[in-house]
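In this document, chain identifiers A, B and C correspond to the written order of the chains, with residue numbering beginning at 1 in each.
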Amino acid sequence: MLEITDLKSRIGDSEILRGLSLSVKAGEVHAIMGPNGSGKSTLAQVIAGHEDYEVTGGTVTYEGHDLLELEPEERAREGIFLGFQYPVEIPGVNNAYLLKAAVNAKRKHQGLGEVDAFEFLKLAREKMAVLGMDPKFLNRGVNEGFSGGEKKRNEILQMAMLEPSLAILDETDSGLDIDALKAVAAGVNALRSPERAIILVTHYQRLLDYVQPDYVHVLSQGRIVRSGDKSLALELEERGYEWVREAANA
Amino acid sequence: MATESENLESLVNRRYEHGFITDIETDSLPPGLNEDVVRAISARKHEPPFMLEWRLQAYRQWLEMKEPKWAHVHYPKIDYNEISYFSAPKSDEDRPKSLDEVDPKLLETYDKLGIPLHERARLAGVAVDAVFDSVSVATTFKEKLSEAGVIFCSFSEAVQEYPDLVQKYLGTVVPRRDNFFAALNAAVFSDGSFVYIPKGVRCPMELSTYFRINAANTGQFERTLIIADEGSHVSYLEGCTAPMRDENQLHAAVVELIALKDAEIKYSTVQNWYPGDENGVGGIYNFVTKRGDCRGANSKISWTQVETGSAITWKYPSCLLRGDNSVGEFYSVAVANNMQQADTGTKMIHIGRNTSSTIVSKGISAGRAENAYRGLVRVMPQAHGARNHTQCDSLLIGKQCGAHTFPYMEIKNPSARVEHEATTSKISADQLFYCRQRGLSEEDAVNMIVNGFCKEVFKELPMEFAVEAQALLNVSLEGAVG
Amino acid sequence: MGTRGRERMKQSSLSIDTLREVVRTLPKNGLTPSREAAVAHLDEHGLPTLRDEDWKYTDLSPVVDISNRWLTAGGQQQLPKPPSETIAAITSSIDAAWLVISNGTIDEQSVGALKQKGVEVSRFSDAPSEFVMSRPLADLNAALLQDGLRVRVTESIEKPIGILIVDRAGDSVAVAQSCVEIEVGSGVSADFIEYHASEGDADHYANTVLSIAVGDRADVRHVRIQNRSVRHVQTGRTSITAGREARLRMASYDLGGGLIRNDVDIDISEPGADITFDGLYLAGDGQHIDNHTRVDHRVGPATSSQEYRGILKGNCRCVWNGKAIVHKGADGTDASQANHNLLLSDKAEIDTKPELEIYADEVKCSHGTTVGQLDETALFYLRARGLDKRHATQILTHAFAADIVLRAPVAGVKDAITAIVEARLAELIEADAAADLLS
């Protein structure tokens, strides 16, 4: 589904990704771990098409097409969803409005008709119930005045509504209490299917107790330095990132 | 990031939709201003002597006044002798009695503007007093209104039919010599609307007027007078658009609102006059004096405006809160793009006891435009218990524009509670990226964010107007995504 | 003072001919050319009037009147000195190395006594300064200035430098000018205290000019205390230029004075400046206190933040006008302004005007202004705990002022300020029956 080969990227003058390769197939869940500054979030932003990150080398193909050619909204409509580490506040813009506009933008792209307001609300309420969100959130400004946990749940709600083929969750677990973490994990697990792939970008292995990954990759200095199964995450938890860094430099 | 802002700038480059000129012969006075011109205007309108006298006094006062310089706007000197002070469609002598009699070309003009008069009036239940250039040419729904005792007619007609009402209220809110442009208007105003809502009557429909400026070199000097008698209620809508023109056109209107005891007036404006092109050529100079007088206890006047047009806007719809417990409101969205300049805001003068006012101003600057909010909140010594809350937000799109805030608060009573807040922001790259990651196009994202920014004001507009305003705003910020 | 009822008053103008004569009598020295230029500038521009937007709330008639009377009387420069006890009371209550200017005359002894490593003090008469006369009243200052002080700080100092401007109006009308120029070198840390005091029964007008050039990466703290007689008039201008990554913490306390007008100009032309300035003004019967601030953000990133608070009681008027201009290209500017006022009597008036002029888009600007009274719930709460109205009022009014007092960036002055504020508030609150506060 996603094939990343020797990807290099920088922001301003600083090079962050220095030849990263990763292959993700439908149905798989990959966890990307690594210390701060290793390039985890950059990878997520580059896949989503953030213009601040310049791609200086390598290729990214998605469903057989060159992903780097596409605008951010085209990538979104093709089924790529990024759960933001810091969800953006948009004052005055109704949460439901954005959600409906996003769902319809994708449907239009797929040649489907727009979803009507009644259907949309029904669906949104169902998904919110699963996530333990108060339906009132629909009528508030996008992320406006939300707590950290509320913002993250809101990201998962958007993901649930948009039903992406490839979901990248950037530190969605950070700053969550145990209930919120469980709700987020339930949202992610509900999305798991043979047609979809999920990339979890995380600093801690806590989330991986609830969402079992098929693969774990360790990122250091812009490269994947180790890959393994979920036991790698436990090893990291035990031995810390210092161990990886040493391994990388060795 | 650089590409983002370029995109944004190209997003806001849009073309004026209503640029065309209607080919109708007009009956105009030659350019120039002197006492004879004032007399000629009055004579053509068959005005009673008190009106002529009033105009002449205004003219004499105007001669001694100076054009104001304090606003944050710049424009070449206006030669008041190059303006023609009267123009009317030729059919003036034989005015149409119904829409069927209206010059079809005129109706076509309204159609092009998206104002199908019959349809709109009938479907929306709106009475339309359409002003084409300076003279009223069509009025509908008069019967339904007159059943309720509501007077809604052109100013000229009111001078003929209700001279006592006109004489009693004219110039009592905006005196002749209030300011330079108000004095000019008082001397030469051609026509406008007149509304009287009798005691205890709730006006059965929204009242509406569409203004247009057409003939070349024709200054427009409308005058509107709305009187809401005790316990009455009226909602008045004003919408404007003008054809494309290379020469700057001066528009100096005066609007006077009077709310007596327990009365309420809601005055909504969507203004989309020709703003000039990208280089600042052409466009309307909109120097307007709008003021409401909450004369009676428990009265309320509410101004809502969406200003997207005009080359220069100089406009401060104000409220004199004279009656005890009276309420003044001002909700504004002002968009300035390209070379537009806007200096707009409000004045809330608290005079009675326990008066309150609310100001919500949303300014959007793009291109090389200058957008200033200027507001005054004055609490007089006797205004015990006055309350004011002001929220004043600016949104900047691009690096060449300016957004300014000049709020004056003059408080002379210790029981006053006055709060003013202002913020400035831009559409952040993060917000745009977030929306695009959810599949929205950049243009839709900008529209959505701008509409979100203006929401507090739009919700004050009557429903159909709100839809129009939102569409207008999108048009204003429309363009190819670079 | 005649500062109210300004609207209809016709403002008289400064007598330039008399001024010229008085200037001629001043000793010939390095300042002579700038004095002549200043007179010419004044002749052309005059003093500001109510028609000038920046002066619409403050009538300078008393300044013109006092100046004209003093000039006509010969513009006597050698005035009675304030008693040494007055000076000692101030200098002993605040720990600093004090430079004293009394009645416009530099106290040579204080200059001689200031011996701190890294501090150089010199006079304009030795090496004339570049005068900036384009700002209102700076020309009048330059025309009549006897001599100015220049303080250069080239190494970080522990002990604050104090500048005491103290005037005494004896039997006849008096006018005093002072000008101090401070330069703080790159990376230098320094504290300054500016103290204004006056006494005497005759009319007095003081016109002060102070400039601080904060060097690159310098760290400056500045406290201004104005505790003049409520009979006297002062106009003051403080001009700040901030170097690259300069840090400045300023606080200004107007606790006395009859007619007071302060202009603070801050110019940010180098990136990285971080500036906060706060102010407190207390006004009672007959007082008129006007604070005008202006920050020019010419480059970014830079931060400026200001908060002024006022307490008004009795027949008085205060003005606050904060202006922030973000010039084209000053991206990364973060400017905030706040002004909060407590209006505690029927005859008090506050005119407040926060202004933003913004020509750049990567900015964060905000302002907030409030005018109101003490929180009635809080008053009730205190009374329910057994305090009487007067006491409750006092506590809450103090609390309102205390926030700004505590922000004084020089630790050693907080006690002195607190003492003056407390005394002044007690005077204001007890000035009339406390009971009417809640009416």
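Here, contacts are C-beta pairs under 8 Å (C-beta built on N, C-alpha and C of every residue); 3 or more make two chains touch, one makes a residue touch a chain.
Every value quoted in this text rests on a predicted model; they were computed, and no experiment measured them.
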Taking every chain's C-alpha mean, which one sits closest to the mean of all protein C-alpha atoms?
B
Farthest from chain A by Cα centre, which chain is it? Let me know.
C
I'd like the Å distance between the centres of chain B and chain C, where a centre is the mean of that chain's Cα atoms.
43
Hey, how far is the Cα centre of chain A from the one of chain C, in Å?
56
Computed distance of Cα centres, chain B from chain A, in Å:
49
Touching residues of chain B toward chain A in the complex: what are they?
1, 3-4, 428-431, 433-442, 444, 448-449, 451-456
Would you pull the chain B residues touching chain C in the complex into a rising list?
5, 70, 381, 394, 396-426
For chain C, which residues count as touching chain B in their complex?
53, 328-329, 331, 341, 343-373
Listed in rising order, the residues of chain A that touch chain B in the complex are 48-52, 71-73, 75-77, 81-82, 84, 87-88, 90-94, 97-98, 101-102, 105-106, 109, 141, 158, 162
